[in-house]
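These are the structures, in structure tokens.
Each of the two complexes below includes chain A, the first together with chain B, the second together with chain C.
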Partner chain A sequence: MAGVDAFVRWRYRLVPDHIVGEILSKRWADNLIPFLFLLATILVFGANIRDFYTIGYLSDATRQLGEFLLVVIGMVIVMLGGGIDLSVGSTFALANIVTLIAMNVLGWPVWLALLATLVVNGMVGLMNGVLIGYLRMRAFLTTLVTLIMIRAVVDILLLKYSVPISGASVTSALWDYVGDGTLLGLPFSFVVALAIAAITHVFLSRSRPGWHVAAIGGSRRSAYNIGIPVRRTVCMTYVLSGMLCGIAGFLFAARLGGAGADTGVGLDLQALTAAVLGGNSLGGGRGSVAKGALGAVIVLIVINGLVRLGFQSGATSMVLGLILLMAVSIDVRWFKNRHKVLSKVYVSPMFFRLPPRPSTLPDSASPYALNDKLRDVEVIGLDRIEGPEDVILDRDDNLYCGSRHGDIVKFFGPDHQRSEIFAHIGGHPLGMAFDRAGHLQVCVGGMGLYAVSPAGEVRKMTDETNRSPRSIIDDARVRFADDVDIAPDGRIFFSEASIRYESQDWAVDGVECRPNGRVICYDPRNGTTRTVLRNIRLANGICMASDGQSLLLNETWACRVLRYWFDGPKAGKVEVVLDGLPGYPDNVNRASDGNYWLALVGMRTPVLDLALRKPGFRRRMARRIPMDEWLFPNINTGCIVKFDEQGNILDALWDLGGQNHPMITSMREHRGHLYIGGIYNNRIGKYRIPGADRNWTAQDHYWGPAR
Partner chain B sequence: MKGWLFRRAHFSQERIVLAITIALFVLFSATLNRFLTSANLLSLLQSVSVLGILGVGMAIVVIGRGIDLSIVAIMAIPVAWVLYMMNQGVPVPAAFALGLGFSVAIGVLNGLFIAYVEVPALFATLATGAFVYGFGRSQLFNQDIIYLPASASWIAAVGRMHVAQVPIAVVFFAAISLAGFLVLRYTKIGRFFYLIGENYLAARITGIPARPMIVIQYVLSSLVAFIAGTLTAAAVTSMNTRVVNSTLIYDVILVVVVGGIGLSGGKGGIRNVIIGTLLIGILLDGMTILDVRYTLQNLIKSIILLVAILVDSIVNPRDEQTDQQGDI
Partner chain C sequence: MMGPLRRTFDRFRGAGGAAITLPPMDGVILPNQAIEEAASVLAVEQPDNLVSDGRRILFSSGKAILAFDPAAETASADILATFDSEVTCLAADGEGNLAAGLNDGTILFATGPSQGRRLSDPGARPSCPTALHFDGEALIVCHGSRRNPPLAWKRDLMERNASGSLWRIDLATGTPTCLAQGLAFPYGVAPGPAASYAVAESWRHRIVAIARSGGGAAATLLDHLPGYPARLVPAKGDGHWLCVFAPRSRLVEFVLRERNFCADMFREVEPDYWIAPSLTSGRSFLEPLQGGAIKQLGILKPWAPSRSYGLLIRLDGDFHPIASFHSRADGRRHGVTSCLDRGDRVLVACKGGDTIVGLDTGAGGGQSA
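This part shows the complex of A and B:
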């Protein structure tokens, strides 16, 4: 069995299962499938076409790509806003013929021809935009109709002007340069397309109107309800699309200089295929210029490749139809099931072997033996508070606790009957500590480290630390700050329970039992935040040790208390103070006699201990059954333990029937009493410690008497 | 007395279109001296009967809140394949069975993608249309136009047949319209189409087999398209596959939408298809007699279609609060 265990341990240590889920949770994961498709396309056609990788072929292809990319960008903008523009092919043809009429027939200068083209196509886009944006007609059919309309107009123009266009010749160096010239070794049209792509990318991802487009595509109703000008923005997307087609048609005219009946025919299907293939979502809200460019390259390679390989004329249509069908199917299914896949693969348990559980039986000689000491505690604030994870007292005997509603509640001393909301932070306050000046430092789940002044003003201290280069998920943002204590020199050390889970999912982190926790140091003297210790199995309670150079840290899922030196000769070292606890340690705080109080939030069970050695079992559990039925750590019974820095257990306080304090997450000693908090409790307990110093307060003891 | 004017029954699109149709008919009858002759009217009917038949197929799908953009490809390619096989010496029944099987297979493919993969109908049928055309042109045969072989001239004879002076195509249009009417009005499947089109989720929750019904819709529209293609081939003794890239598909949508079958589904019936077909037929015939150029005819038709969709969107307005996300 030991051999099997060792194998399993190394298997889960060496294979980084969690990476799959983390990659899937990234937005750029959407681009992976199109990217792989692009590689496959290049390999297939590169192997079959002889001069595929040569300069001549590439330069020819990039010239076409420039024009096609502009059309696709227009399509992407429209699709991001939840619409579709099928008229791009006809609009492109219209731009082509308008440019040629302006250049060849009317003899206008190049800039005037461009302007005329942009105006004409902008008007066409405006027509689409007014019909779809303001009159709220259905985009697909409306643009389908404008497709025929504009095609009819193009045909009429062709009948009238095709002879004069082909008869005239333009002598303009600029015109030739637009058609044939190169800039920095790249075809001019391609450079133009790249520049416009970059501008559009910034517009869509960094500007307010661009965000409005994505917001409308994501949820038209919500966008309307929060006051985004839906109609105007939708209209604008079609105008932009029309104008981009105008530039593309202008470049096409400069390159080929001829107008035919088949100009731009089928371009709508190609552009649509490119946009969807790149991963731009039908129905809007999800898309980018980069995705469109990816799709455009693939489609162009396929079309050109099929022609070069000598397939029949219908083959392009067949392959494009097939690709479109496949791309749309993948898009629809992926969009629908992504979060399901993610929730199935994100949880990736690891092997972990806990030391044997010590006995807690009442008549055993164990230091953890069950007793009834907490049965008769005095109850404070019953049913007036929800979720006091941590409690703390100031020098004036006032009691503070966090609440589920995002408040810090203050109970006035000495009797703690009257209460007020001391400060509203917004997130659930977890660990708390007073600094030298009497400001309350609070870890807020989901928000970071906050400070509350004695007057109740809330100030953000930090919510960001250094990004570790090899982490896939963004571990710069502090998402689960848990407990805090302050070094004598003022540096604030706080634990972040997990970098992979939000605070409401702490139990899932326990199922995973992966070292996701860390300790972060915020230095108020220069405002820096650094991660100082990583790979903790749920980093929880923090308390400065007596030497002022180290801190005690609870590693909850490993059921042990660590001691970490941040200063002095042993700086950077970690030692285990207490190992093999019978339960899961939560917060740790100082006691009046120089020892420490430790809260065990729940007790270990043989089943979960065994499950921790069976990561495959836990993974199957996470994938196959609903979360309600998972095997979770028990948090219904807990106790308080007193220990010293050498790791000796001195006392244990229990509530045997679980009447007053079934679960305990924190406790503070103050003037001979112990105040007890629990994250799911509706009360605070007050326990009189026999023989304790009646004048001892944590503030005076640590920071010295008040001046 | 404003109430009766704006009451829905009096203000429906169907009545407006009917009124316009009658007005146009009267106008053309009065102004064009070649219009009101029985020969012209019969040729008018014959020219639009294929369009009308396709309209019936489209109507079945649109009532179920779908759309079939591949209907013209299904009309052209399987029939062209049938002709090609006949030219190659395949027996006529076998060729027809294969062609029919091909079109049904496309209908099933459409239905599966739309009902089970949940691809929007517009895109699924757009893609299958392109696929079928390309597949036919590149894999099944290599010509644009496939002619009816001389050995099967009896088919052409059937195409020229008249039943009591009425061309066979018009008879088929009438028969298919009647069949469509009976299916939609009196069969369980037909009622299910309406319910699915009205509210897909509610229909599914009620226990209607919504997904199989959608597959059946597209199979029916494929079958209708195959019949329309066969009639066309019989009439002109050939099949021109370039029709796929023509504007015929927009004419079909025009017939359905102008007739008053809302694209949001659940409304309308075969009567609307007939009214729409008559309007388009009268319009095209009148323009042809007036010698309007083909490109201009396209422009006029598309403007009418645009107005029709606009009226549809005003009569059945979209609501920002209840609009379906991604319903483009």
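This part shows the complex of A and C:
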């Protein structure tokens, strides 16, 4: 069996199963399928076309790509807003002939020709926009009608001007440069397209109107409800599309200098195929310029490739149509199933072997033997407080605790009968610590590290640390700050339980049992935040050790207490203080006799200990049955343990029936009493410690007696 | 060719035969708290197999057979007989004879004219008496398994055995005849329709009809139960009472498919702490806990996933459920293994809840509309 275990352990250590879920949870995961399709396209045509990879071929292709890309970007903008623009082919042809009339017939300068084209095409876009945005006509039918009407206009203009256009010759260096010139070795039109693509990308992803477009595409009604000018924004997308087609037509005119009846025919299908193939959703709300560019490259390669391979032009349209059909069906299925797949594959358990579980039987000689010392715990704030994960007392005996409503509740000393909401932060406050100045440092689930002044003012300390270069999920953002303590020099050390789960899913992290936790140091002297320790199986309670150079850290799912030196000769070292606990350690705090109190939030169950060595079992469990049915760590029963820095267990406090205090996540000693918190509790417990110093407070112990 | 391929693909996807789906507790079996709220008749450790000798109510508890008078004001039980092995099932013939099955495989007459007569001795297989039923001059015996004694039912389930059998012992001669084999833990027997016995086949969550003469295929009377059925007791009037001693759960159904995990669990973990159905749960923090069973603000939700449950189902003459009585995840009266219809009320033995309750069925919840 040992051999099998070793194999399983290495299999799960070496194969990073978790990255599949992490990649799927990224927004850019939408681009994976188009990107693979692009690679396949390049390989297929590269193998069949002789000079596919040569400069000449690429240069010619990029010149076309520049014009095409502009049209596709217009299509992307419209689609992102939830619309569709079928008139791009006609508008493109219109721009072409308008430019040629201005240049060849009227003899206008280049800039005036460009301006005229933009104005004319902007008007066409505006017509679409007014009809669809303001009059709320169907985008599909409206642009279909525009397609036909504009094509008719182009035909009329062609009839009248095709002869003068082909008869005249333009002598303008700038005009020639626009058509044939290169910039940094790239065709001019391609450079223009790249620049516009970059601007549009910033516009869509970083600007307010750009966000409005995506918001309208995502949910038109919600966008309207939050005050976004829906009609104006939709109208604007069509104007932009029309003007981008105008630039494309202008570049086309400069390149070829001729007008024909087939200019821009089929361009609508190509642009639509490119946009959808790149991963822009037909329903709107999901899309980007990069996706459009990806699709544009694929479509051009396919079109040119098929022509070079000698297919008839009908075959090209047929292939494009089939690709569009495929892209639409993939778009629908991907959008529908991505979250289902993600929820199934995100949990990726690891092999973990816990040391043997010590006995807790009442008559065993074990230091953890069951007793009912906590039976007569006094109860504070019953049914007035929900979810006090941590509790803390100030010098004036006032009691503070967090609640799941995002408040810090203050119970006035010395009897703790009266309470008020001391501060509202918004997230569930977890670990707390008082600094030298008496400010309360609070770890807030989902938010980060916050400070509350004695007057109750809330201030953000930090919510961002350094990004690790090889992490796929963004681990810069602190999402699950858990417990905090402060070094003598004022540096604040806090644990982040998991970088893969939010605070409400902390037990799921236990099913995974992957070292996702870390310790972060915030230095208030210069405002920096750095991750100092990684790879902890749920980093939980933190408490400064007596030497002022190290801290005690609870590694919850590993059932052990670590000691980490951040200063002094052993700086950077980690040692195990307590190993093989019978339960899951949560918070750790100082005791008046120089030892430490440790809360065990739940007890190990033999069958989960076994399951931890069976990652495949847990992975299948996570996929096959709903989360409510999963095997979880047993966190319905807890206890309190006292230990010293050498790792000796000195005392254990139990509530045998669990009636009075069902769950224990933290405890704080203050003037001879122990105050007990629990994350899913509706009360705070108060236990009189026999023989404890009646004057001891943690504040005096940490920061010296009050002035 | 397609079969194995499809099975492999299904196992990969968790679809088809590998899908873990359970019949919902809905319709007639919609949960209520009738058993949890019923009046307690007697608090006793692990009561099982209630029978009546016409005067008193007899039942087993551990290695003893106890009796109490249901009409008495203060119910207290007297010990009628004790044995070296746990009593697993009882049957009374109405003439004072009481047959008892023991965990070691013995079947004997515990009281009455034939007291002391042994019908089966330990050692002979099958030797897993789970239910007895007098039928004229014969005793019908359910043997739950070939491999495990009755009290090791949990192991028998998790081993996915189907080695139970139904026997007829001629009381005049003492010769046993096998009526059916290959049953998945038969745990209750009662007269069925058309000269058959209705047998509760626990591990297949169903009731089957087996011809009294033996032979022939078993016909299914009721299928897709949401729990593991135990004793089947004739009701006053028409129909039967069906005791369901543990709920099915998706986690258990999943673990049943994980043979490798089960093998290690058998070897390393005590049966009380297995992921398996149970007569009672929540008594130790060493028991497995499921996500939905985490206490929130000190409260365990009644709909939380649970390894134990209390459920009694009333069946009509065609073995269709018409009413049900429950004790849910937050209750204590779990592990209903037997009951006895007294006309005005039904006595229910909650083996996991250590109590016998009197269920007023007239006012009981769960009556079908």
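Here is the rule we use: the second predicted complex is superposed on the first by the 707 of 707 C-alpha atoms of A that agree within 3 Å, B and C clash if a C-alpha of one lies under 4 Å from a C-alpha of the other, contacts with A are read in each partner's own complex, and residues count from 1 in each chain.
Convention: a contact is a pair of C-beta atoms (placed from the backbone, for glycine too) under 8 Å apart; a residue touches a chain by one contact, two chains touch by 3 or more.
Since we're looking at a predicted model, the values are computed, not measured.
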| item | value |
| --- | --- |
| Clash or fit (per the criteria above) of chain B with chain C on chain A | fit |
| Chain B versus chain C as contact partner of A:336, first or second or both or neither | first |
| Touch count on chain A, higher of chain B and chain C | B |
| Which superposed partner A:470 touches (first chain B, second chain C, both, neither) | neither |
| Which superposed partner A:525 touches (first chain B, second chain C, both, neither) | neither |
| First, second, both or neither for A:663, with chain B first and chain C second | second |
| Which superposed partner A:608 touches (first chain B, second chain C, both, neither) | second |
| First, second, both or neither for A:681, with chain B first and chain C second | second |
| Contacts of A:625 with chain B and chain C, given as first, second, both or neither | second |
| Superposition-derived minimum Cα distance between chain C and chain B (Å) | 19 |
| On chain A, positions contacted by chain B and by chain C | none |
| Contact set on chain A toward chain C in their complex | 386-387, 507, 602-603, 605-608, 610-611, 614, 617, 620-621, 623-637, 662-663, 680-683 |
| Footprint of chain A on chain C - complex, ascending | 14, 18, 20, 249-251, 254, 258, 260-261, 264-265, 268-270, 273-275, 285-298, 300, 304-305 |
| Chain B-touching residues of chain A, taken from the complex the two chains share | 82-84, 131, 135-142, 144-146, 148-149, 151-153, 155-156, 159, 219-221, 224, 230, 265, 269, 272, 276, 282-284, 311-322, 324-325, 328-329, 332-333, 336 |
| Chain B to chain A touching residues, read off their complex | 113, 117-120, 122-124, 126-139, 142, 245, 247, 250, 253, 257, 263, 293, 295-296, 298-299, 301-303, 305-306, 309-310, 313, 317-318, 320-321, 323, 325-328 |
